[in-house]
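One chain, subunit A, appears in both complexes that follow, with subunit B as partner in the first and subunit C in the second.
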Partner chain A sequence: MELLIIPLVFALIACFLPKQSLKYVSIAGAVTSLVVALVHTLAYCGSSHYVSIFDPNHVTTFGLTFKMGYDGMSLFMVILTNTIIPLIVLSNFKSEIASNKKFVSMLFLMQFALIGVFTSMDGMMFYIFWEITLIPVFLIALWFGAEERKKILTKFFIYTFVGSLAMLLSLIALKSTASSFSHADLVAVQLTSQTAFWIMGGFFLAFAIKTPIFPFHTWQPDTYTVSPMVGTMLLSALMLKMALYGMVRWMIPLAPEAMESMVPIVVILSLIGIVYTAILAIKQADIKRIFAFASISHVGLIAAGIMVFTKDSVSASFLQMFNHSLVAVGLFLCAGILEQRLKTRNLYELGGIAKLAPKFGFWFAVIGFASVSVPFSSGFIGEFLLLKELYQYEWIIGVLAGTTLVFGAVYTLRAYQLSMFGAPKHESFIDLTWNEWIVFFVIGMLVLAIGLFPQVIFDFVGPSIDKLMESVELSKNIVE
Partner chain B sequence: MEALIIIFITGLISMFIAMTKKPFLVLITAMIGLLTAISSLVYQVNFPYEWLNYDGLKFDVFSNMYGIVALVFGLLIILVGYETFKKEPEHTGEYISLLLFSLCGVLCMLAFTDLFMFFLGLEILSIPIYVMAGSRKKDLKSSEASMKYFFTGAFATGILLFGIAWLYGAVGTFKIDEIAAAIQNPTTHSSLLYVGVMLILASFLFKVGAAPFHFWSPDVYGGSPNIVTAFMAAVVKLAAFGAFLKLFTVAFGGIHDFWAPALVILAILTMFVGNLSAIRQTKFKRLIAYSSITHVGYALMTIISSNMNNAFNLWTYLLAYGFSIIALIVVSKIVDDEDDELASYKGFARKNPFAGFVLILALLSLAGVPPLAGFFGKYLVFSSAFADYPWLVIIALVNSGIAIYYYLRMISSSMSKDDNEELEAYKINPVYTVVLAICALGILAGGVVAML
Partner chain C sequence: MTIETIILSILALPLLGALINGIFGKNLPKKIVGTIATVVMFASFGLAITAFSSLHEMKIVHLYQFINFESFHLNFSLQVDALSIWMTLIVTGVGSLIHLFSMGYMSHDKGYYKFFTYLNIFIFSMLILILGSNYFMLFFGWEGVGICSYLLIGFHFSDEKKGLLNSVAARKAFIMNRIGDLGLLIGLFLILAQFGTLEYRELAQMILVEGINPTTWMMFGITFCLFIGATGKSAQIPLFTWLPDAMAGPTPVSALIHAATMVTAGIFLVVRSNFLFELAPMTQDIMLYVGLATSLVAAFIAMRQNDIKKVLAYSTVSQLGFIFVSLGMGGYTAAIFHVTTHAFFKALLFLGSGSVIHAMSDEQDIRQMGGLKKYIPITHITFLIGTLAIAGFPFLSGFFSKDEILAHALHHNIIIYISLAFSALLTAIYMFRLYFVVFYGKFRGSDEVKHHLHESPLNMTLPLMVLAVLSVIGGVLNIPSLFGEGISHWMSHFLEHTTLGLSAVDPVHLSNGQTIMLMTSASILTIIALVVSYFIYVKKESVPVSDDKITGWVKLSANKLYLDEIYNFLFVKPIELISTFGHRFFEVAFLNKSIYGFANLVGKSGEIVRKWQSGIVSSYILWMVFGIVGLVLYIIIKK
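Moving on, here comes the complex of A and B:
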């Protein structure tokens, strides 16, 4: 329970604190949640059982059970959230918004809602938390975003809201036969493969818009571009992970009967997204847009991996989620640093920065390498496992998806080369401040550590994934 | 029954107290009367006792629950209106007692057991509103609103009476339980009955403002004084829907298959007409009017579906809706723009953070964002209809998706800033603050209560 209460308390007290103390309080809050999450992890490590954190043991007339709890997968996502939030706080530490109470309180509200999403074991609670996350991100982008944001944010909000309505429809449909909204009861519902198809379709629409998967991605590059750096980080590092987690936890177990018909659709859409957005990323001049398209491309691979649904592919997806979050924070921090110091994101106006700011140049390169999955970085293991599983699913898909590695190298290196090398186009460039350096250092260390010891993560989420696969197999067999 | 009598007597007393020309005294009287009536309803909500027996009215759990909400809304609206009343102290008594008399009509409409009482209740409810809609006599728009409301209302009443006459011809009784019993017998299923039911249905659709009988509502909402708009949107709709549900599920439940298909089509039409017109509006109250047409479309789903919990679902829905509408009307009073342009709400939340917060809360609740009351109302209504009409629910969800556009536009416009415009903070009256706080509480707590 304390996992949820701490962010909520900090969100509330942030409203009443004086300006000067805000940033210290926010870092304290973020670190406290991280420590609490780690304590939970140490207690949990290695087991596969379900740990309940809140269960009033009461079904309301409405069907709500308020069940909250975690298994390996949920806890993994909680750790991910609580690791990323301190990094986000730190990377904004010196900017103005760090001492803005609206920002701090919204950030903690976001953390609260995210942990709620990851620990809900009740369909309606999941939906409620899922919707709550939209508000802080929207408000942060609206308050602190770029000039032309209004229209774009409206588009973003409508897109995601409509997706959520589709999910609501699926939940209503499931609930019409289930006795309550608890995860177990919803899983127990028997569906014909046709209704299962529509129910999974509803969930998929919600998750595909949030992820985003091609052709539902059109809101994403614009929204990433107009959001402030922190908004982009929240969107890419945390919010889209909700959708991927939702696929594993809710979409597939709730309507496994539709896997047969749904998997090819999702895998092919993801594949189109992977290749198409990678090619788009190569041609962009705006550095933030490059990373935005890159994000769609990387996440498409994870989504395809989840849908293939073998043990290796799901484990690799979790690994890749962690990796993508770290890299996204790093890359958008790089873009944010460039934008904040030079007031431009256009690659053709940048150049030679590595000479002016060697520390920045070095860490940008590290993050860039992590993003293109060089060996010994965490991305290497994840992407190769995912590609292997896709190859085994259908060799041509694996081969085509593999091009993402090549394209990834092209756009990342192009962005790096144009901005960092060549003749300096600016007179001076302030090198990394201490807080930015810490963020890069932590990301770099984590990427390296996971790259060297990926087994830690596989062991952590593995038992829970085994359980999940068993239950899905079981309900598939009943239908047959 | 006691509540009805208390309110009626309070209305009379307020009229006489108004002769002292002390508006505050009238307000206090009305408050005391309403609070007494509310507590008497709350006290007997589950155990109605009848020491005053009258056949035509029966206060059961249903009418008590709806009645409590109607009276609470009435109380809030009188509080909001007090600022206006004060400006013309000689008319305060009239306003307040008209509102109270109208509330008597509401209670009759909720508790009726025969069509005669229902008709009386409807008239007692409507006539004070005809008067109040035109109370700004020098304002052309207000007079127009009053005229339109009166004509369409009178027309609807005529149709209703006509329908009741046909119905009487078919079943030979006014009592709703006897009608229900008679309808069980297929020999009564003559064209007399069918025409009667259809005419009654049409008049109800007039009263709740469903398409294609909705044309009066934007003009009347837009032209009437603010509190009358709030009263029509929150209280009258509640009473009309309560009576609608009671009459059609209890009395006409036996021929559900006959009237339900018509209502399904009209509900869909209502949702789309309301939403698609709302998108293009530039005036605040007209926007509210069109969006409330859409909400009528959602609420009609409870009447269509034959679900056990319909009364509760509709109640939750109207409760959430009413609190939001009252909050929006208070905001519109704070902005106090004669032309009621949407543009004047720009930056509202920056000028007054508290009222802005409630405005955003109300809009999000109307849009159906969890965990606010509006979401749960919507969820209950949709899920109850899902078993019988899955595609109707899909259409309703599509409409929720359309509606988010104009709610969101208002939300972001109320939070946007103009750099060259200096912010002049709105000072708000403490009464408004109290009403807004109650609405916010209702919107937030309504969700929690519905969940439990």
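Moving on, here comes the complex of A and C:
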């Protein structure tokens, strides 16, 4: 329970604290949450059982059960959240935003809602937390975003809201035959493949928009670009992981009967997204937009991996989610540093910065290489396994998805080269401050550690994935 | 020391050097940085010799399990056998000499510590590639050397004039390699799907002992994909155009990475997978002809290059093609033999060209040189030895290793033999051209450059001398049986003894008469090339003309057959077009419009409803009256 309460408490007290203390309080809160999550992790490690954190044992007339709890997968996502939040706080430590109570409060509200999403074992609770996350992200972008944000944010809001409504409809339709909204009850519902298709379709729309999967992605590059750095980080590193997690936890187990018809559709859409957005990223001039497209491309691979739904592919997807979050924070921090110091994101106005700021040049290179998944980085393992699984699903899909290796190198190196190499175009550039350095260092070490010992993650989420796959197989068999 | 500790130390030493220099190098004096990097290399080389002398059988050094899935495992483990140890000797041996050379060559460079850090990491990655016991480890190292290559080609990225160009060359190398890597990766997936393992030992067991023989098409698919990987890293058609551009890197890098070690990774891959390739004759043929075409094309282009390093780069491509021909004919030990001698004389030539460039105040155009033999005597003599070795001058190393491949060709098909001999002739011609234009005649550069001409310091000339000696005697490793059964083919026997699959490959044995015929004709061709070049470039003192005065085949050669332009037109431009137009029309115009259209629809419908909630009480009353009237009417009608 403390997993949820700590961020909520910090979100509340942030409203009443003096300005000067805010950033220290926020770092303290973020670290406390992380420590608590790690304590839970150590206690849990290696098992696959379900740990309840809140269960009033009461079903409302509406069917709400309030069940909250975690297994390996949920806990993994909680650790992910609680690792990323301190990094985000640190990234912004020296900016004005860190001393703004609106920001600090919203950040912790976000953390609270995310942990809620990951630990909900009740469909309606999941939906409610899912919707709450929209508020902080939207408000942060609205309060602190770039000038042209209003129209773009409206688009973003409409988009995600339509998705959420579709998910709500699916949930209600399922509930009409189940006794409650609890995960177990919803999973137990048997469907014809026809109904299952519509139900999965509703979930898919919500998750496809949030992820985003082609062709539901057009809100994303714009929103990423107008959001402040912290907003982009929240969106890419954490918010979209809800959708991927949702696919594993809710979409597939609730309507596995529709797998046969849905898997090819989703895999092919993801594939188009992987290749198409990677190609789009090649010619962009706005560095943030390049990383935004890159994100769609990378996440498409994870989504495809989830839909293939073998144990190996789902395990690899979890690893890759962690990797993507770390790399996303790193990349958007790089873009943020450039934008904040030079007031431009246009690659053609940048150049030669590696010479002016060698530390930044080095860490940008590290993050860039991690993003193109070189050996010794976690992405290397993740992409290797995901492509292998896709290849085994259908060889041509694996081959086409593999082109992301080439295109990824093209756009990442181009972005790096145009901004960092060549003769300097600016007089001076402030090198990394200590807080930025820590963020890069932590990301680098984590990427390296996971890259060398990926089995740690597979051992952690593996048993829970086994259990999930069993239940899906079971409910599929009943219908046959 | 057990073999395990030795092998791990060989690997760990370069990594240690890189860590020390990478973390503390910035604050250490250059001397210490260079010494650390070089000493770890020599230590590593010493240990490699120990491992070499105590090698009796294949050994697996298992470190830990990388991935442990129910369906398959990936191990972090090393395989010690003749092939891996031999390659380790080349990499650490030549690597040590090049490190030593770099201490002098890079002494004025600001990024000194970075340079040595990268070099050490490169050696570490290369050793992982060579020593790994499975394809996953190979891929690990394969990608690792790719990054080091990228970093080192673009090493002078902030140069005022050439900075951006250097980094463009680096990016090109990385991306073209990645295309090859994708092929290799798919090959790995195929192997996994077919055999369920990536361990060399288990694969060899399945194929050689258990006799599992998948369909021909499967084997073709696997080996073809592996070969695509090899064409990227080892610069074969169609993926070779990155290598000449890679000369943008500092010269020791060209010597180490782009001549002696990394570019041989593709050859190593094929030799390592010999038992797979033996089951895929189709791929072997493709390899043969691709290699042959590469060898001829690159030699043709090298004829009219005027950048000293570019000539050597195309020469490397050509020689690698030569080796692939050998691989295509099943001549695995002959291939490794040529890899070895090539590492000696090509590293020598590159370092020699480095010494020339150093003396010439960074000028690389041979039209600005000339008559250098009296200014830089040691460089001159060693460069001459390198030239003679690569040209196949009798009894130098290149002579024997080329002959070995030609012997395979003669055995295989006379047309291939003739084409290869022609390629060898071209090699001799362009190398002598290079040598004479640089070292003979009058000095053609500016007076200022002439004033600065100087021989390089000892730490640069010493590696040259060592490599020169090796280039002369390297042939002894694998002399043909003509010279006595007992001492012949030492290297082939050594490799076959413990390398998986190699003992199953039939060796080619020519009669003494054939061997003599072969050697004589090769010698005659080389000497003809030498004499002709001497007359053209020394007696008539003709100097390559400037670029705008050339026509015909010379122009074709000088412009590299316009391959870069063709690739640009065929691949780069279309993708860029998709990128631009995809964004402009599909993203911004179509998808966005449809979304905004939807949003507008919502807005419009809101407007209509909004009119009803005007806030004017009288209109509400009016609507209310309408409502009541309607309701009353409804009730009346229903009744």
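The criterion applied here is as follows: the second predicted complex is superposed on the first by the 480 of 480 C-alpha atoms of A that agree within 3 Å, B and C clash if a C-alpha of one lies under 4 Å from a C-alpha of the other, contacts with A are read in each partner's own complex, and residues count from 1 in each chain.
One rule holds for everything that comes next: contacts are C-beta pairs under 8 Å (C-beta built on N, C-alpha and C of every residue); 3 or more make two chains touch, one makes a residue touch a chain.
A quick note: this is a predicted structure, and the numbers were derived from the prediction, not measured.
Legend: residue contacts after superposition of the two complexes on their common chain; A:409 is shown touching subunit C, with no touch to subunit B. In the superposition on chain A, A:62 makes contact with subunit B only, not with subunit C.
Once the two structures are superposed, subunit B and subunit C can be ranked by residues of subunit A touched, with C on top.
Contact with subunit C, but none with subunit B, is seen for A:423 once the two complexes are overlaid on the shared chain. By the touch criterion stated above, A:235 is placed in contact with neither subunit B nor subunit C. Of the two partner chains placed by superposition, A:248 touches none, neither subunit B nor subunit C. Once the two complexes are laid over each other on the shared chain, residue contacts for A:376 go to subunit C alone; subunit B is not touched. Applying the stated contact rule after C-alpha superposition, one finds that A:128 touches subunit B and leaves subunit C untouched. Of the two partner chains, subunit B and subunit C are each touched by A:154.
On subunit A, the surface touched by subunit B in one complex and the surface touched by subunit C in the other have residues 154, 158 in common.
Contact residues of subunit A toward subunit C in the complex are 154-155, 158-159, 215, 218-219, 221, 276, 279-284, 311-312, 315, 351-352, 354-355, 369, 374-376, 380-381, 384-385, 387-388, 391-392, 395, 398-399, 402-403, 405-406, 409-410, 413-414, 417, 420-424, 454-455, 458.
Residues 65-71, 125, 136, 139-141, 143-144, 146-147, 150, 154, 157-160, 163-164, 166-168, 171, 174-175, 178-179, 181-182, 185-186, 188-189, 192-193, 575-576, 578-580, 582-583, 587, 591-592, 595-596, 598-599, 602 of subunit C are the ones that touch subunit A when the two sit in their complex. Looking at the complex, you find that subunit A touches subunit B at residues 60-62, 64, 127-128, 131-132, 134-135, 139, 142-143, 150, 153-154, 157-158, 161-162, 165-166, 168-169, 172-173, 175-176. Partner subunit A is touched in their complex by these residues of subunit B: 309, 364, 367, 369-371, 375-376, 379-380, 382-383, 386-387, 390, 393-394, 397-398, 400-401, 404-405, 408-409, 412, 415-416, 450-452.
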